[in-house]
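Next come two complexes, and both contain chain A; in the first it sits with chain B, in the second with chain C.
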Partner chain A sequence: MRPEVRKGTSLAITVLVSVGRHPLTGRGRRADQDARGVELARALPEAEVQLLHAGTLGEGSEAALRGYLGMGFDALTLLEQPEGADILPALAETLDEASPQLVITGECAERGEGSGLLPYLLAERLGWPVVSGVVAVEGVAAGVATLLQALPRGQRRRLEVRLPAIVTVDGAAPAPRQSAYGPARRGKLELVPGAVSLDDDWAHWQVQPARKRPKRLKIVKAASARDRFKAAAAKAEGGGGQVLEGVTPEQGAAAIFKLLKDEGVLR
Partner chain B sequence: MLDTLLPILIFSALALAAIGAWRRLRLWRQGRPSPVPILKGLAAMPRRYLVDLHHVVGRDKVMSNTHVATAGGFVAAAALMLLVHGLGFDSPVLGGLLLLASATMFVGSRFVARRRRNPPARLSKGPWMRLPKSLAAFSAGVFLITLPTVGVLPEDFGSGILALVLAAVVAWGLGELFFGMTWGGPMKHAFAGALHLAFHRRAERFSTRTGGAGRSTGLKALDLDDPEAPLGVEKPSDFTWNQLLGFDACVQCGRCEAMCPAFAAGQPLNPKKLIQDMVVGLAGGSDAAYAGSPYPGKPVGEHHGTPHGPIVAREGKALVDAETLWSCTTCRACVEECPMMIEHVDAIVDMRRFLTLEHGNTPGKGAEVLDNLIATDNPGGFDPGSRLHWAADLNLPLMADVKQTDVLLWLGDGAFDMRNQRTLRAFVKVLRAANVDFAVLGNEERDSGDVARRLGDEATFQSLAKRNIATLARYRFQRIVTCDPHSFHVLGNEYGELGGAYDVCHHSTFIAELYQAGRLAFAPWKGGSVTYHDPCYLGRYNGEYEAPRAVLKALGIEVAEMARSGFRSRCCGGGGGAPITDIPGERRIPDMRMADVQETGAELVAVGCPQCTAMLEGVVDAGAEVRDIAELVADALVETPADGETQSQRPQAVEVV
Partner chain C sequence: MSEIKRRDPRTEWIARNRLHPDHRAVLAALGQGAASEWVGPSGLTRKNPHAVGFIGPNGIKRIDRSGAQQGGQAAATTSAATGDSRRAVTIDAPAFLVAVVPDLSGGRLSSHDRDLLGLARQLADADPANPGAVLAVVFGEHKGEAGGEPKEQGFADAGVDRLLHLASPELDGYAPEARVGALVAVEEAWEPRHWLLPDSKLGGADLGRRLAARLGERPATGVWQLEADAEAELGWRCTARGATNTLDIQRPLPRIALALAECAEPVSETRHAAEPLALAQPLPAQLSRIEDLGQVAVDPAGVALAEAEFILSAGNGVRDWDGFHRAAKVLGATEGASRVAVDDGFMPRDRQVGATGTWVTARVYVAVGISGAIQHLQGIQSCDKVVAINMDPGCDMIKRADLAVIGDSAPVLEALVALVEQEREEKRHAA
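Let's turn to the complex of A and B:
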């Protein structure tokens, strides 16, 4: 068991930041969810926030990374990784060494693979819990963080998680503060060489722009304004959901296993 | 007795004034360096005072004459008094002139007193209320002590109790006028004002003997290449020294306050108070001694500052609140009206620059707009590839295809706004009717950077400007015509410093020229009465008051002028990023402007600016319709006899959306 966080000491947070991509123009920028993650960390009193990016320093990425510095940071640690490298081992190694209490990251990168798997793989490697879709860190006491997680349709769920942990930020988290030019220009990008593990598969991949998928038109047969609003606000629902309460972990696992089999995820 | 007392009084007052002047100079020199030609400036000062300053003061004839009598009388009396009473040249001729000068000054002081009897709200009270008495004391005292010199009274008149009383009166006058001039009394405006005129940061705005009353309205660029150069103004000492000097020259007449649209709307801004706050900042202290109208909704006495302390605090209160700075629409009404030629807008933008570039604290939608400008080159965040969608059916010639043209039509960001697209379509119709050789940049055009600059984001402005300049450098054209006065101002007055010099004009100017050249013909006007709203960035910023009126006249419209028109036009509230920062007030500026329109009884208000159109059309229950001049012209077009046939074949020129 890790020693409890002593009272008065600051909470060490590392925010993993990536280079974003503007949806219309494709220009580099601070990624929206990562910036929200930085804002989340900044909002915590007594937090000691580190910014960490794994990648290359280029013309395209520097402006975007400086965008994070413009949120009021003196430095950003840049774990040098060549284009196409698997950043996971390097990140895991660095985080393991630095051992922050909380790692905050966006849910999905705006460029590159963008699989959204990084937080889970990282958590698996480090053996830390991962909480997705967080909109607020409400407090940290005795090594346990109280988190607010976003659910569909504006619902929220309060969770407690023992630190260290990885949390991913939902798009509904508070909007990031403005990035100011002065601090962005002054801030330092501290280059740190990282262990490189080349991704051989990636080199053979063929990348092409995504084709817009056809969207089914929603035909709303609503009699009243309330119905129309409900239809507009509704999110797609599976319908066949099932809530298990008061079951043992084994029973729960069995239920999930059965579902995955039924759905054809597991064969 | 007076013969010995007077020289002592005069020279000790002069000595104290000199010490005060030195102290004041040291206060101003806390500012950043700004090289000015010292001797050339001093030599130009009398002309700047007598011509340019009095051109502004002369808008109020009574006050102008009062000032001529009082100030002229004082300068003459002071010089003559130095000779006659200070140095003892008591010839009857000099004495007579001194009598005349002090008498003139006394008359002037009576008019100053009359002004102070029921002072309008815009005038500061406090120490200013005693000024007429001090002026009267000085002039009357000097007059009486000079009487023996010319022999009207016996020489031995200057002894006894009476002489002591007279000496006391003169000492009072000397104290206010010599001592107070440099130690911070109301007369400080004369000392600081004279030097401010000599060392003004915008020497080009003054007229010269060879004519050309210059206009200098473009903001000055920040040096972004030097990482040490400060980004805007954080502390009073971050202003240049001659800006500080300019603040100190303020005479607190409140003409700016009377003209300020934000003040009238009850937003927390009063240009006069802002300048006085800067004076408080440069000397250090609290604003409790300020005796004029406060910022609406902000009591006096709660703010304080020092020359090297922050003007706007990140939290809590310092010298000025951020919302005061963000209330400004940069309409320049205060600058236009200021008899001391103070540059309020420069100062406000300087302070905004710091808030945006260092604090990252642009209020309202500011941050979003700036992010959009960085990512998409337009404030609305629209796809830059859709800039020409409104003209899909117009087949506009693109610069990329034609490479050279007579007229480059600069669309501005109005190209994304459905209301402004109607104006643009109308203007294209007019251009085609007059057979003008024109082209557009299309998707290569970017926002001019106007909003970014006025929101204080100089970095984004310069980035946009440099890329626009690089684009324009690839093509050849005679001139740029635009329907957007903001683009007009930025392209014409602000790109020069960054290396882009263009001949830019507003579409109304261009239409007026086309009409004069006989290339347009209009059907007679059949509508109702019309008034015209001068856009700030066309009028005060660029001096174009005549062309829009000439176009309206050519249309057969007789303009029913508003009380505030021309250089005194009231802002629509849409400039300077004010609709983006959206500082709350008691009223809305466009509502007040539409009330001005309603007063004229006009059924239609002609405008020439996409911002004005948007702001004025946004007024609920407005009595008047808002139309751009281009739309009025396009509606009235009839075939010109010479080349009417070719024009009438074009179906796209007839369509009006």
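Let's turn to the complex of A and C:
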């Protein structure tokens, strides 16, 4: 599949992609959220999508980056940055020059610090708004994009943001398409040298594979033996709940209705 | 009247000494006089064992034959004191501030917020000579019925010394830019030494990163452990998760930290003042580039049971299944079921709530005709509000429920559906 022929009024989108890490094998791959971001951009009609990556070109990273090319791209711009560098200035410069309308990226990286700060710092530097946890771009009209944001508990919120803007993609966004092998081999990685600034803080921190977090124990703070026994042996007791007995169904329903209203679960 | 009970050793001595001529009179004066012991008409000593002893602090009758304890009054005061044995802490002149911005989802402190406040207390109380104060910055729902007050009143119990409640229409809904502006105003007004935010999808993660970018600080994200370290700039080291939970990063604690859930124990032993604070200047007006168009109606059936917010769950007591499904549809609730309802084939297996099914985390859980087997109650442990509709007033679900209606479920659900539809109708007419 070749990318579609571009039309006159197109929306310039840059997707920031990174090298992911397979959770089990630890090998390089397409980063999950970034791939979803690419899929999001691909789904937009009349979009002119550019891929941008800042990092080194090594054996592991090349395979991963070609994974993005296999989603239907001819080229990927690669800002050359050494290992352990702060990629923010180089990325900000590049984006400032290219000035796309929309920058899409994942929420946080699967390697390195993975703090998820990059979109916020870029937005602060470029003076653009940033929206986190987006699952769909519903439309772009007159310099305003309508976005669908994922909330916890499967809820969604509709937002309007003025372009140019940076959006980060939630894990609930549509799953990325499969990477096709041929286009991935044929695609070009365009190397661009960029300004390098080193990240000194990172070099000073101790980094080790994650330890399992200790499970929180249920601590019983009881003054007396009787309380301790009760805490250990008692089943659920009446915790001050309100019990309506001998009421008509209407009264009961009104009480429940009031509680649901107070909790704000009725729409 | 003074609360302090004064002992009278002489009367105590007389009360112990049965041979003393005033023994009876003193006993009567002490209130034990319903004479546990008297001389009967035939000259025999009669004893009334029920009049001996006192009710102990745990509600159990105690008989102290050593005579050290006198009467039941003392017991009464101790039991009143155990009602709130937490130490009250007031910090008048704090050496520094620890600012916390809780998520306050649904207007209530979540357990994550409480853990975070526990962490803030660790930071504030590290040096008893000059303690810091914990400042909670709360964005309230302004148009709520409660007159703009947050629903949660338990800030004092959660360990908050100072409370800043910011409520204005601009800060409502998803308004991260206005909220960051407000936090920057707080930073300028009080310059807190630490900023703590929850690293949660409910808004804390987003807001904290925005604040850090605005203040130009490099925050620690995913913090889950904290230890004192004299060499670090702020005196603390933290352990943070990195690279999607596959790395542990040990680093000095920066000014802004985004902490994970269970990063510290919540406050339980002290009560704090939660004095209200106010900003001297009004918040600066800001041009918002992000507009919130409100939440989108999602198909409740499509939401996974484990993360549904509002569940209507059916059990053995439901006979009118059509009415139940209709109620779930009208209320906009995700459907759940107890094991019996699933086994009987009324509901699919993936809707089963409980130990063998799904552990749900709903904010509101309505149990219709479920008696509450222990496996089911385990499954709804983390639900905030439980409503039960049941015929049996003695069942375990009623004990767990915050609101229980005793009666047949079908007419109650019908009435509830009617109420909701009536309200929607009124809204439509008003609009």
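What we mean here is this: the second predicted complex is superposed on the first by the 205 of 267 C-alpha atoms of A that agree within 3 Å, B and C clash if a C-alpha of one lies under 4 Å from a C-alpha of the other, contacts with A are read in each partner's own complex, and residues count from 1 in each chain.
Keep in mind that, in the parts below, a contact is a pair of C-beta atoms (placed from the backbone, for glycine too) under 8 Å apart; a residue touches a chain by one contact, two chains touch by 3 or more.
None of these values were measured; they are calculated from a predicted model.
In the superposition on chain A, A:F257 makes contact with chain C only, not with chain B. Once chain A of one complex is fitted onto chain A of the other, the partner contacts of A:L121 are limited to chain C, with no touch recorded for chain B. Of the two partner chains placed by superposition, only chain C is touched by A:G154; chain B is not. In the superposition on chain A, A:T25 makes contact with chain B only, not with chain C. Applying the stated contact rule after C-alpha superposition, one finds that A:E59 touches neither chain B nor chain C. With both complexes superposed, C is the one of chain B and chain C in contact with more chain A residues. Chain A uses no single residue to touch chain B in one structure and chain C in the other. The part of chain A that touches chain C in the complex is made up of residues 21, 23, 108-117, 120-121, 123-124, 129-133, 146, 148-149, 151-162, 165, 201, 204-211, 213, 216, 219, 221, 223-224, 226-227, 235-239, 241-247, 249-250, 252-257, 259-260, 263-267.
Across the interface of their complex, chain B is touched by residues 22, 24-25, 27, 29, 70-72, 177-183, 185-186 of chain A. Per the touch definition, chain C reaches chain A in the complex via residues 57-58, 60, 82, 85, 106, 174, 177, 200-202, 205-206, 209-210, 212-214, 218-219, 221-222, 224, 241-251, 262, 265, 268-269, 289-298, 302-304, 307-310, 331-333, 361, 363-364, 366, 374, 377, 384-387, 389, 393, 396, 398-408, 411-416, 418-420.
Chain B makes touch with chain A in their complex at residues 227, 231, 356-362, 366-367, 370-371, 374-377, 381-384, 457, 459.
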